[in-house]
């Protein structure tokens, strides 16, 4: 039977399109704007020592971070963060795929790995510093040592749980092991892997800040602590703001990547929910 | 007529969306008497579900009205029960079979004993009295749909509305469930409005078959089914009259799909 | 009986392999300093570390530190969860609030909570409150976002069913919205519990309020490496316990839910 239906579509008038864009913008910016105004008014009416107004913070932000300081403190921090994340993802997914597809290896290692995941990552900082000394490489390794576990364990779990029917389909068509991995196992595991990466990202950011607060003489974490110890309150706030922006940036990049990688998955979810 | 139960008059529904508006229902009018079993058939995507949602008070029509017992339907009326095609989503997985049947009775302010009696009676009627303590997801698809029917039966509605209830079960189960619906209608005198895309099913079940046109929808034909009330999967379906009726409905649907039928008067 | 044996054999095999893996790890750890790959000064023997761990477990001061850490963990997690459930339910149920708060939430959520450590120290000094600020901020979002998703995830058919049976708004919240959101809430609580522990210990390390984290920082600065390794194991055990505890709670409260059932089937 043909599923033919004639539906009559009337195109919306233009003015309504504009109105809906305006409405969306109002919803998106209304509350942040309102909060900023309340904060600004409140800080002028009764100035708090530790809570400067938004204008002061933005002033401090421009003075502190825009200029050479950006290259001294921010760029190296971000470079280490990026390197740590890339290494965690690469090692985590590779090792996870291997461990996940070999059953005895998986059963052998899983409890041990679960234990490592359970260790609060910042605790590893003194250990890594002890073993490797304080270098740039140490800070990258600290990030990897914490961020890798959710990625690794989620990959193992995702690879393990590949649908049996799909695997059998692939085998019946005589698809090679490598192709099966590339076109079946990894895509099927990708929702789980992406969930692991998301957790790994926030751990990585925490570790970047903490490792610099701990044992460092440069970097964002160090700089913010320095401002706090010297009572440079507005500067300290501007550092928190910068970290927030980095967090938002990371989340945005992740969101874009995830939407591309998992477009099929979100599609299924939407259909199921309709 | 004094015993008119459901009256649908000049119903029209236009969906507004960001891309534009879609006219799902053009102009539908029909009525249904108390104790009738009426089937609605139409080509795929002709707005059957939209029509049901308007009748059930889940959607507000753009124009026209639905009256149940002479009262205009604006919100889901208390004297109406629905059985959906997606039994898996209509039953609540966190409640047992018993709990699912009981849920709509909770706010009916019945005595506890009376409530229990209704639940047991409804489960017996659908042949599931042994499964009261199971969870829906432990049952097969056909049994889950029986639970949904039991829930509607226990609710004691004046009219039972079923939206393609058997579209997702296998053929054998489907035949059993069709006989179950016939049985409920015959033994309990329930008024049932049954929506389906299956022509044989509509002729086998209904006392009347309403054929809808393609979207924007209107009533293309209102056909009385003059088969005996006692029906049987083998003998009824083998009757020459059954074949005649189904052929007639089939042709109507084909015309509807091609958009050939011309509306008598707008 | 005969059917159960391959299954129990499989879980036995899993347990044996798992223990073998742990023993293998400990053996490798023991061998690395023995063979001089890393000097025992920097990587103490596994036996030495475990002996120290056993000593710690008999020490009252150690247990007091564990108690302090777990106290701030529990208080922080409770405050965050209660606030997140209340706000998440209200905002999730009201479309206007959902839309209006979206950007604000998406901006605040990714802020790494450790960025607030300097601020917390300024305001509260070396007290538990400073740690609580960090813990609450971090774990709040985990629960809040899950509750928000959960409340919005009510199935369209399930909602229509409830409405058609005439359930009131409050009855729908109790019987439909909350059960739907419960799996999400449990996931959120489990994640929040893990995050809260991470930040409780981190705060103690960086801020210096008493607890296991401070012991770690102290043994680091006192060059007590054996003690440091023993404490790292302790934090791992704490994390593991919390994980297991919350998984058990999740399983118990969601016996009906598909994701839990799915895990058991596999």
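Letters A, B and C mark the chains in the order given here, with residues in each chain numbered from 1 onward.
One rule holds for everything that comes next: a residue touches a chain if its C-beta (ideal position, glycine included) is under 8 Å from a C-beta of that chain, and two chains touch if they have at least 3 such contacts.
A quick note: this is a predicted structure, and the numbers were derived from the prediction, not measured.
Engineer: Hey, which chain ends up farthest from chain A, C-alpha centres compared?
Structural biologist: For chain A, the chain whose C-alpha mean is farthest off is B.
Engineer: Name the chain pair with more contacting C-beta pairs, choosing from B-C and A-C.
Structural biologist: By the number of C-beta pairs in contact, the winner is A-C.
Engineer: When the centre of a chain is set as the mean of its C-alpha atoms, what distance in Å lies between chain B and chain C?
Structural biologist: 49
Engineer: Centre to centre, by mean C-alpha position, how many angstrom separate chain A and chain C?
Structural biologist: 18
Engineer: For chain C, give me the residues that contact two or more of the other chains.
Structural biologist: Those would be 155-156.
Engineer: Find every residue in chain A that makes contact with two or more other chains and list them.
Structural biologist: Nothing qualifies.
Engineer: Quick check: in the complex, which residue numbers of chain B touch chain C?
Structural biologist: 53, 56-58, 76-78, 80-82, 84, 86, 89-90, 92-95, 103-104, 106-107, 135, 137, 151, 155
Engineer: Which of the residues in chain A end up touching chain C in this complex?
Structural biologist: Where chain A meets chain C, its residues are 27-32, 35, 50, 104, 107-112, 114-124, 126-127, 130-131, 161, 202, 205-206, 209-210, 213-214, 221, 224-225, 227-228, 233, 236-237, 239-240, 243-244, 247-248, 250-251, 273-274.
Engineer: Which residues of chain C touch chain B in their complex?
Structural biologist: So the residues of chain C in touch with chain B come to 155-158, 160-161, 163-168, 171, 175-176, 179, 182, 256-258, 261.
Engineer: What residues on chain C touch chain A, complex-wise?
Structural biologist: My answer: residues 13-14, 17-22, 24-25, 38, 42-43, 99-104, 106-119, 121-123, 153, 155-156, 194, 197-198, 201-202, 205-206, 213, 216-217, 220, 225, 228-229, 231-232, 235-240, 242-243, 266.
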